[in-house]
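Across the two complexes that follow, chain A remains constant while its partner is chain B and subsequently chain C.
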Partner chain A sequence: MPVTGTGATSRIIRWIDYRLPFVAMLEHELHEYPTPRNLNYWWNFGSLAGIMLVIMIVTGIVLAMHYTPESAMAFDSVERIMRDVNYGWLLRYIHMNGASMFFLIVYIHIFRGLYYGSYKYPRELLWMLGVIILLLMMATAFMGYVLPWGQMSYWGATVITNLFSAIPIFGQKIVTLLWGGFTVGNPTLNRFFSLHYLLPFVIIAVVGLHLVALHTHGSNNPLGIDHKGPQDSIPFHPYYTIKDMFGLMVFLIVYAVFVFYMPNALGDAQNYIPANPLQTPPDIVPEWYFLPFYAILRSITFDVLGIPSKLIGVLLMFSSILMLFFLPWLDTSRVRSAKFRPIYKWVFWLLVIDVITLGYVGHNPPSGSIVTVGQIATFYYFFHFLILFPLIGKIERPRPLPTSIGAAVLGPAGAAGGN
Partner chain B sequence: MSDVAQSPVSHGHGSGHDGDTRRDFLILTASALGVVGLASAIWPFIDSLNPAADTLALSTTDVDLSPVQVGQRLTVAWQGKPVFIDHRPPAEIKAAEDVDWHTLRDPQPDSARVKKPEWLVVVGVCTHLGCIPLGQKQGDDRGPYGGWFCPCHGSIYDTSARIRGGPAPANLVVPPYKFTTDTAITIG
Partner chain C sequence: MLRFSLVLAAAAAFAFAHGGAARAQEETPSLPHQSWSFEGVFGTYDQAALQRGFQVYKEVCAACHPVKHLYYRDLTEIGYTEDQVKGIAAQYQVTDGPNDQGEMYQRPAKPSDPFAAPFPNDQAARAANNGALPPDLSLIVKARDGGPDYVYAILTGFKDAPANVKMNANMYYNEYFPGHQIAMPPPLTADGQLTYADGTKATIPQMAHDVVTFLSWAAEPNLNARHRMGAKVILFLIIAAGVFYAAKRRIWASLH
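Then we have the complex of A and B:
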């Protein structure tokens, strides 16, 4: 819709749009962009994740102005931010808890996609770009956690970079290359800081592609059926801008409770002890959002076909995420929404339980029954994606799909085409 | 390109067909050279991440062993890593030598891991994921073989610091070192 009118503002906008169609693009994406009329609150989490990314970048830029990426000074500079810098405590707690909130939102966003089949035709690339964003987020979060240079920072970095030592032949060389030394040290801290600052901007670029892919075929919806006509959609603005704003307010309340009342609840007390390269803390656990993957890493305690258990653990951990790239083809069902898939509808929840179980296992020291539970849960994780997804699509008889979104939401009147 | 494909007119020497092969050849050699050039340009960026000269310069550590009593364990730093020095009592040496080492996960006889049986010198970094095993201090959990025990993922080492249980794939590494006198070593 071109900007009409003869006022000064309209003329300036038209002058700009003729050269750089920015306002026209916003108008197109926000106002004309047809959005399914039946989106529920699970669809709030995409925009929430975007807002969280902005909050992380803004607080991060300010924190970087006070932080010193030098192994002898990093810990103290963070303590200075907490004690001396004006509102430093607030900025750091927003940033620290923001990482947890960001992962919480993104995990919900991913499970939303899994439940409603948002990864299926024609949104495969949209989904794969999302997996890339997840990987970038994990790398960014891991490197950010190293920066305060506490005991968990140091030993977390040691354990995770040592994963690469499992690679045959070149393993140790690669680890030395990552460290820039013979242990995690000042060169490691410096490069992690550089990358921690860079990667969020790479994430922005991939989010841009994610949005282009999203807007090419539009949002999926709880019914998982295609948009068939004007009766199925409403403009994004104001309907979903207001719904997203409401969701944001609710989310910010939760976020604020953490920031102001329990800012260290999700962290590890060990990280308030300065890094000591000669003393490993009694037990090393990653941040909660990495626990399921950590559990998969530790679950393999035996060699398979002469391949050392360490290498298998590392390969399984990486494939647990890389496998998601193939999900659009592993799932053989053409019906998107679990609402119409009588078997998948229940099996979906097994995956949720399985991932939570893996998280619990990752949190606890690996001994006794915890090891066995971890092995069963790891087996189920891969079984779910590699066996159940292809199988259920073949044996399941989906329930009949509604003729259109409008018909399902408004009753027969909606199907007639009246908006 | 489309002009070339549609027109039978020859370019320079030879027929149009020859011109195509020559063009293919030029494209191939130019791209190959470009790839080589790009790879050589990338290498300095990658190699800059490797240990710098000053880091490499810190690569030896001298240790005076004379104050270390029998049964005492000493930790020194070498290249930023802890090195465990164990002044082993006869019982520990015997335990390490009496094992049928062929059956171990990383088979090595005790004699291949020491220069003098009473002194065991190993890098105190677990070969699993790089934690520092317990066992250096009085009262530490030394695991069932009386050697070292890694608290991170439960790897167990014996009195020759060989892997005996848990997820670690290899024995604790013996660093390069030499006895400069009877009671002093240089590591590195």
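Then we have the complex of A and C:
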């Protein structure tokens, strides 16, 4: 839809668009981009994640103006931000709780994709780019948590970087490289700060690719069927812009409750104690969003075929995420949405329960029945993706799919292209 | 690999020693909840309690514990006038310099100085306290699970050790401290230990409550502003959500 009209603004826009089709592109992506008419509120979380990324980058850049990445000064510089920088407490609490909100949103976004089969043909690369974003987010969040240089920052960094020492032959060399020395120290803090600043921009680039892939075939939808004609879709703007705005306000209410009334509820009290290399905290626990993976890491308490338990734990933890790259091919069902998959519909919720159980296990010290529960939950996690996923697709008889989105939403009139 | 094992082993040993000590004696009782003026959505610090708490800190805690993140100027936020703050600061000597002769010198503290520390360095603090290091109290309320309730419980949790517990040298029995053996002698010893400027009766629970209020403020001086702003922000967001919801209904109405 080219800009018409004879006013000065229209002429300027036409002049620019002839040389750099920016407005035309916006017009195309927002107005003409057909979006399924039946997206439910679970589809809000993609745009929420994008907005959250912007919030994190903006608050992060301002925080970096006041933060000192030096091991003897980092902790105090954060307190300085909290006390003496104008609205520094607000910036820091937005950033700190923002990490939790970002993961909450992204996890919901991922589970939505799992439920509605958004990773299947032709959206495999879209999904894989999403997994890359998740990995980048995890690295960024981990390094960000180290920056305040509290007890949990220091000991979390020590435990997690040490994971790489489990790699045969090169392990110790890799760890030394990560640390920039022979223990976690000032060089570690410096490189983590540098990378914590860099990675979000890498995330932006991958998000760009994620969006290109998304706009190539358009959004999946709760019915999981392709759109077949104009009666199935509506323009993104104004229908989904307004729906996203409403969703954003509701999300911001939740976010604001954390920032203003329980800013430290999701953090660990230990991190308000300055890092002390000579004193290990009673429990070293990562932030909540890493707990399920931490539980998988600690679940293996025995050697297998001479492979040390530690190495197996590390491999399992990494493969628990890397496995997601192969999901489009592990799932043998051709039906996308769990709505029409009578068995998968239930198995999906078992996975949700399993991941929450893993989170609980990761939060508690590994002793007694917690260890057993963690092992069962870890086993189930892999069983779900590697065995159940391919199997269910083979044995399940999906319910009949509607003929079109319009038909399902509007009744027979919609199928005829009414509206 | 070796170092990883060492870290885990150290962590495990520590956790075991921790848990083991607690199990060997009775379990640490759960923290009794106190009522705090700064709790809840509309909570704000009680100014009178803050000033009394500052007095307790100044006359009792400050003998051993620094609060390095507080500056004398911060005291204007708990209701002292600038002149009063100047007077309070001037009671302390701080090291400044070097002067034009290249020498460090002592001068009375100014409002722009951080609270004077009781000891020049950690080693001096340990030497004066049987090897134990009294922690900085700036963030103590945020740095402990249970927050103000925990600090209150420690201050009021000193007891005679049960007969079956063998106390180490220079340690005191405290019901709420992990492992029950704490190097800090009971700081609040008797009702009337100090005389409050505002005439409040200085009982042990009163002093503990006041000083914990003061330390909560020291840890989170912006709580009042945060709570006020939060109410406005959330009210705005609720209204905005309502407006956007109405707009959404209106825009989507043509589709159905």
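Methods note: the second predicted complex is superposed on the first by the 418 of 419 C-alpha atoms of A that agree within 3 Å, B and C clash if a C-alpha of one lies under 4 Å from a C-alpha of the other, contacts with A are read in each partner's own complex, and residues count from 1 in each chain.
Everything that follows uses one rule, which is that contacts are C-beta pairs under 8 Å (C-beta built on N, C-alpha and C of every residue); 3 or more make two chains touch, one makes a residue touch a chain.
Bear in mind the structure is a predicted one, so any value in this text is a computation, not a measurement.
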Touching partner for A:262 - first (chain B), second (chain C), both, neither: neither
Partner chain(s) touched by A:301 [first = chain B, second = chain C, both, neither]: first
Chain C versus chain B, contacts on chain A by residue: C
Partner chain in contact with A:162 - chain B first, chain C second, else both or neither: both
Touched partner set for A:278, first chain B, second chain C, both or neither: first
Which of chain B and chain C A:310 touches, first, second, both or neither: both
Touched partner set for A:198, first chain B, second chain C, both or neither: neither
Partner chain in contact with A:176 - chain B first, chain C second, else both or neither: first
First, second, both or neither for A:72, with chain B first and chain C second: neither
Partner chain(s) touched by A:212 [first = chain B, second = chain C, both, neither]: neither
Residues on chain A lying within both footprints (that of chain B and that of chain C): 155, 158-159, 162-163, 165, 280, 282-284, 310
Contacting residues of chain B [partner chain A, same complex]: 46, 49-52, 55, 75, 77, 79-82, 125, 128-132, 150-154, 166-169
In the complex, chain C residues that touch chain A: 1, 3-5, 7-8, 10-11, 14-15, 18, 41, 69, 74, 138-139, 142-145, 147, 178, 219, 221-222, 226-227, 229-231, 233-234, 237-238, 240-241, 244-245, 247-248, 251-252, 255-256
Footprint of chain B on chain A - complex, ascending: 155, 158-159, 161-163, 165, 176-183, 185, 187, 191, 277-280, 282-284, 298, 300-301, 308-310, 313, 366-367
Chain A - residues contacting chain C, complex: 37, 76, 79, 82-83, 89-90, 93, 155, 158-159, 162-163, 165-166, 171-172, 175, 234, 238-239, 242-243, 245-246, 249-250, 252-253, 256-257, 259-261, 263-264, 269-270, 272-273, 280-284, 310, 365, 410, 419
